[in-house]
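So the structure is just underneath, and the comments pick up after that.
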């Protein structure tokens, strides 16, 4: 159909990639999207074989990933739902051919080389570093205009989206006593850990359990610091693995520069997200819960204030596969092409 | 059998009461314990009817709760696993008759009237307030000698046990910059909310979900402040409801007065709990998980330190029905009678 | 908007009612639906207060349920997602006023008085029995034409839908040795038990557990017998409560009149449901799982055959709130008004 | 200590092996047991490293598995909690040296070569087949005397234990119309699938799901047929994977040769298991649930009878790691050495 966008997903057989496939298949603006898989064992099989959730619908063959294949289909837009190493390798080639890209990995999110270190990229030739600089951090609520014009959108991390949307408005408004230290205690469902079976994701190790991981060492920390404008010593971010399949709840603790009224906090959040379809602000004392936003593209924000008005607990919830990954990628696409931000996401 | 202690549980049909019943039934020092129920519908039925987990074993009739009944059985030791209102009403009578008591409710834990306010007790006649003063806070790791001599032991709250055991050694050692604010982000399984069915404990509302509750208003806050020696503004405690049946994980954030080495923190914790059978200190970077201590009486402590050595994340895990309730009650009994602290708990 | 249907949901604050509300709110053929609640405490509150999943969207006030209110809004179609007693009381009045009705309760599903006995209705005046006779059993795959013309559609039970769709084609084809006995071992998520908190639905009683209930006494048995054409002694139906929020898997065992090939069974199922958008037949050996159809309106069917071709295991999966309740109600509405059967359900 | 038994576990790092380790460590009759691991990466590490549940207790080094090591320690009794291939390879050597063995795998359970085919053993030299004949099927409730005298005890499969204990008494009493077909619909927690991470045991694939597997092809079928005395066409056994960590519930359907009263069934079960500490018979209408026997060595039996007294639903519950594996292994040891059958299991 003329006028319809030709898109494809690389890595459609992971959890985020499959969620993205489901969204793109029913998006009204797109020609039937293509699906690429790196896994040679999956080639020419149908996506409905890997995810019988789709079976009985039309066939969606998994195509082999190769430069020739990508070239052959004359795509307008490529989504990469791949490990960051693969994104780092393939995306410069796609960008060089003029294709627009939304990358769901952490490959292009960080501006500061110091923060990128944790990924261990080889940056010796400088090209990739330059592309990292050109990439736009795909949080439409903060960077809508730049996303619109971007060739390469770095889709934010799931934890990072949850924390930044809660924290950025208050820090920017000068309300936060950052030097007292901000605490981000974040809890995520298991789909965030990917589809690869590991001892960590074995049902018996997760059910009836809760565990902390990557304290003082999670890759999303750099994104949060860069986007909110904080230095490392001002923020502690600790992820936990919840015995649920999907959803993130972040409990964020901060001290305020001076006593405030609840209305002041609420107003600051509402003003920041007026006109943003995918952020909901809850009036206190009601707080978001994971179930309210599960399987939606909403990021839900709420808060409680200490009686003296000086200590704030912010709660931020989202679905890690939707607003934390595939949903946000579609939202970014909508912004890139000037479509309604809610299209294909309801 | 001469020399065997005559004990009873009031409220054996709740989750903590039943856990206590199971422990007492196999404790080597006790005569067969008695079980009282306030619920007239349950009278003369067998505990094994309410909890078929016990069926097939010997019969354990539920006795009606009345002053005459309590008197008649000439008990040495009474456990109250009842709502705090009932503990407040009945325990003064038992104490007046010379019976020793371990109360699992919050009725007698708090020394400061300001902290007790949250319970809304009528303290007009002063007697109960006097008894509250005489009651010993039953955390054997902190008050072993006083528990040994106590007539009334106030068994600590589950969250409070988890936080106090982690925090007290470091605060007492002068390591903690309390004025920067200590954050206690605590997560508990649903059995902590009691056996009464409510919208909050409905399976569909808990599964695939996580929620915050009682921010800036949970009853255990006062216990923590009193036992650790902090004022209200120095500590923020936020409970969360986990989609699991039992277990608590507390993630505790604090800033240190000066940069330290991990070994310093570990040594402080180990020194504090040397000789304590029921506290385990994990060497970093390993951290406790709920599954490691579930269905045991252990409180597991671990920590990670920021690279600069100034920010500390403490993790404390326990089973809310064991070390957080019934197990600790048995441990207190063991201390009260000079028995081995592990007896009946392995 | 002229041409748009005026519909309402009575009982929108239960699980099935709310699922229905969500579906109707985005159905392209409807004027904004109305929501009635019997619960006086909920009147004039917003549906988004009861289910914050909706908050931030437009307001949906809960209207009081009264004959005058129902009259005043000049409704075309009423959905009852209410207990059967209430459906039994209110629906004759609505029908008398010419309103079309889809009832999600068991009030009007059964033709034979012997089967209806289990509900304990007062049938002394004969009117209700007559309405029961006129009501159409709303399984569109079996009764599409009659649903189209019906004034009162009795939306099938969740278990019944799952069993009937699997069993009816094979029994009708004369393949099943009914006298050997058909076994329907069915497992359901907890939302099927309703939103009312009870000891049975307490998280601690369901998690880490599985239990049988209503053996030889479940209300859906009669529907299955009537629709498939069996007598009581030929079929055993046993429901189980699964530790999940939603979804049903029925494992159905039967003996065949003569040895068959797998292809024969598959063909029989495919022929029966050709042109049925909401039934998917899985080719053996692949079998449906709850996760494949969760949150969709599909009923998924699959089977395995014994090596000798004489014993058959059928597996039927659906989402109890979708194809088992609200989704099927919408599908029935689509059929009643001659719309596409998939409208508003993708 | 003189008189104490020297025992060891081969494969202590799997779920059943670790459960066994926990039981043996507190068994009053044993010298400190030894633990062997095939995994060279684990050698010389502590069992408490692999299962921090044990940390803080005494050290339990994992020993390398080799003939010399096994020889060197002069063991009386060896438990194999290993894959059946390894049991098939190592156990003949141990038996040849006169060591007594309890094998938790399926290697030695089956008497009929036709049933053993499913394991694909090489039986060309006949030695192993001879040992299979000599091995005693370790269900003490059925073969107590032979277990007492056995050198090699083949510990039954978890599903098989659950089904045989329910079915054997009724079939032996001639009550069952076997030719109408017996249906065993069995549901198990995930620990039964082993500790190796696979796509099937990934949390996201199990949670909020239920699935059938190995219909008409599960390895435990042969055990059931041999022990109960049925031929293949008389019994259909279908396993399901439950979203819980541990526990099995089997729902067993059968037709009776003539109408009976509930009391007749109950008496038959009670007579069969009088004097059996680890089988509990529930009086109808109460039925066992997984939670009642979880983490115990009980097999709980219950039943409901159709109104006409001709169709029977039996429900059998056990913990797959206890009565279904490690607990039963300890029970077998107790019988082999003439100790109380409950020792070390309470």
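Per-chain residue numbering starts at 1, and chain names A, B, C and D are given in the order in which the chains are listed.
Here is the rule we use: a residue touches a chain if its C-beta (ideal position, glycine included) is under 8 Å from a C-beta of that chain, and two chains touch if they have at least 3 such contacts.
Note that the coordinates shown come from a computational prediction; the quantities given were computed from them, not determined experimentally.
If you take chain A and chain D together, the chains in touch with both are B, C. Interface of chain B with chain C: the two copies contact each other largely through the same residue positions, with over half of all numbers used appearing on both sides. Most remote from chain D, judged by the distance between CA-atom centroids, is A. Averaged C-alpha coordinates give centres for chain B and chain D that are 37 Å from one another. For the pair chain B and chain C, the distance between C-alpha centroids works out to 46 Å. Computed from the mean C-alpha positions, the centre of chain C lies at a distance of 40 Å from the centre of chain D.
Residue positions 207-208, 243-246, 289, 291 of chain D each touch two or more of the other chains. Of all residues in chain A, those touching chain D in their complex are 15, 190-191, 195, 197-199, 201-204, 206-208, 243-246. Listing the residues of chain D that touch chain C in their complex gives 180-181, 183, 185, 187, 205, 207-212, 215-216, 233, 236, 238, 240, 242-247, 249, 251, 253, 255, 285, 287, 289-291, 294, 304-308, 310-311, 313, 315.
Contact residues on chain A toward chain C in their complex (touch as defined above): 26, 52-53, 55-56, 207-208, 280-282, 286, 288-289, 291-293, 295-296, 298, 346.
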